[in-house]
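So, here come the structures, one by one.
What follows is subunit A paired twice: with subunit B in the first complex and subunit C in the second.
Let's look at the complex of A and B:
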């Protein structure tokens, strides 16, 4: 009987069984080109997991989301290793996009999970870390040509610093051209803060971030297709 | 009745003149005194002045030790960053992994400056308000200490993938937790309030809760020779309340914002205190009349419950909260009142 590898991988993630997930990936890879692991195994599995997660499915904890991100990282690391050995193409690159925790915010878990899922979806992610000042976000957007900034904040007090990134984007005349995605616990609890603080959008879970970034990237292109000014 | 009498009545399920009021207003004290947060979170005299100002302004029934848990991480060697708007945060961790944390020396609760700041704050408040206002020492359970020492991701790695190392670290941290809890009580704390997020199924899977979380929490709580209130710590508590019942010394629970107080009482039964359910950080974004409605809703639901306390939950009440909003909570418990015994 054919094995349902996506279902098996999903089961391993739900059990928070990272080693079990690696074993499923190993079994899937027998007789298959590993370059197909993302579209054929990882993406559909993460999509199913994302549905469970956003529905608040019983048994899906923050830690299982963390395991899903780790599994995605494990698969991508192997893909990069095998692709570089083969001389074949590495992941299709979208972006670049920026991620960081806003100034005064030192809670990296959510941001790291978003980074893992964005990379699994083919995004070139430039991770700026925690406690990132507004000027650094926008400097880096200009330097790299990133049309989307992802700003993470856990608490209400730090979420207010999203408004300072918005001000910096607008002050430099980059309104619309640089889109501001926001995320973190406080935006799930108080979704009205997204617009109130100047965010252009948010995602229901880390796994939904890629779809949000696609939408915002396209909106930026529609508004102004010329490349961002690169710093000298 | 004074606040301590009100609390004692609630613990014994006896009538009181009005429901209890708990404010997570450690940070807000600095707004009232005008102290810089850097000083507020280093100098116990300045912190205690903030709590005195809170008491004189809003008349809550509890005073609290600093809700500055990053300081516990600092005691193990983590680097802390101060802020202009919130309590300090851990900016760099003392160790990279649970295994590395096993080699860190345990801080001395009688000599580490950061811990003495917490303890002296309690001593000052307890000395001033003995017999009148309960003082609550704020702590984290051993399960929630590692995120302050090695970070949440490294701790999840241990809990999920290296359970024997996680267990070893919990065994190492539990005596420190017990020593600090005992010290806070001997300093005059009426009781302790603590979080146990890493025993909550919202955060970790069932197998971690069952094999590590619940057993470790139970062992840790048995070390505390006094009453403990379990705080939801930012996670929903009601769906998993059963996991936190039956532990030694636990006399109450702080629910998450908006959680169903009636359902919580149904699950708990008579006996434990029930505190909730207004999100402290939300107060900054609400108008006083909106806070009044929320307070009245909670009290309409549980006001007659002799073991209920109207409480702000989640994190601190933010600095930019209008005082009128906090007044609404005081006003609500006073208006509710109760028939005297």
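Let's look at the complex of A and C:
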């Protein structure tokens, strides 16, 4: 009987079993081109996991979300390794985009997961880390040409620093051209804060971040297709 | 602080595990504030919490209500600068109650099991820091268990309750002015 690798991989993620997930990926790769791992195994599995996550399914916890992100990272690392050995093309790059926790926020987990899922979807992610001041976000957007900044905040107190990033974007005349995606626990609890604090959009989960970034990137291009000014 | 006469006010304690589900914490806090108001409508209410749920600011905006300053209990105890410095160094803090119930937090609530627990914590943190207020004996056995399970060294940091006391007194004053 043919094995259902997507279901097996999903099962390993639901058990928070990273090693078990790696073993499923190894078995899948036997006799297959690893370049197909994202469309044939990783994406459909993460899509199913995303559905369970959005439904608040019993087997989905913070730990399983973390393991899902780690599985995505593991698969991408192997893909990059094998692609570079073959001299073949590395993953399609979209972006670059920036991610960081707002100033005073020291909760990297959600951001790390978003970074992993964005990379799995082919984005060139520049991760600025935790406690990032508004000027650093916008300096880096200008320096790298990132049209989307992803800012993460866990609590209302720290989420207010999203408004300072908004001000910095507007002050430099980059309104619309640099889109501001926001995420973190407080935005799930209080979605009205997204607009109130100047965000351009949010995603229901880390797995939905890529679709959000696609929308925002396109919106930026529609508003102003010229590249961002690079710092001297 | 009550026992030493530094503070004199009735205190209601809520289950700290509510922090794991902020929506439940918010609902329970709302009930507790309403119950306190019913019991004595003229008495101010001080919320000795960080920014632990989505609408904390709405609670403290009510007349006769105020909150301790700080984003969470560790910052309230340590002060902003020390808290920021240690967080930047990758510290994960354990207060006395969470040190005793670490398994419930990490396994029961977060679902961390087996090697996943170690990689999860080691990726995000460099060490555990137990904030020793000196009121309860240091739970060495539980800390050793947490350290082993999470794969992080543990450090015991003696802390003074003076910043908490000053913070509470400030909050009491603010509630007075807020009437």
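Heads up, the rule we're going with is that the second predicted complex is superposed on the first by the 232 of 232 C-alpha atoms of A that agree within 3 Å, B and C clash if a C-alpha of one lies under 4 Å from a C-alpha of the other, contacts with A are read in each partner's own complex, and residues count from 1 in each chain.
By our rule, contacts are C-beta pairs under 8 Å (C-beta built on N, C-alpha and C of every residue); 3 or more make two chains touch, one makes a residue touch a chain.
Predicted model only: the values in this text are computed from it and were never measured.
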Handout entry: Combined model on subunit A where subunit B meets subunit C, clash or fit
Key = clash
Practice task
Examine A:220 and indicate which partner it touches, taking first as subunit B and second as subunit C; both and neither are also allowed.
Solution key: neither
Practice task
Could you say whether A:210 touches subunit B, subunit C, both of them, or neither, answering first, second, both or neither?
Solution key: neither
Exercise for the section: Quick one: classify A:108 as touching subunit B (first), subunit C (second), both or neither. Expected result: both
Exercise for the section: Name the stretch of subunit B, from among 5-13, 239-247 or 311-319, that runs into subunit C once the two structures are superposed. Expected result: 311-319
Handout entry: On subunit A, positions contacted by subunit B and by subunit C
Key = 16, 18-19, 61-64, 66-67, 104, 106, 108-109, 112, 130-131, 155-158, 185-186, 189-190
Handout entry: subunit A residues within the subunit C interface of the complex
Key = 16-19, 61-64, 66-67, 70, 104, 106, 108-109, 112, 130-131, 155-158, 185-186, 189-190
Problem - Residues of subunit A that touch subunit B when the two form their complex - result: 15-16, 18-19, 59, 61-64, 66-67, 104-109, 112, 130-131, 155-158, 160, 185-186, 189-190
Completion exercise
In their shared complex, subunit A is touched by residues of subunit C numbered 22-23, 50-57, 71-72, 84, 87-88, 110-117, 119-120, 123-124
Problem - Contact footprint of subunit A on subunit B as seen in their complex - result: 81, 83, 85-86, 89-91, 151-153, 156, 159-161, 201-208, 234, 257, 279, 281-282, 284-285, 315, 318-319
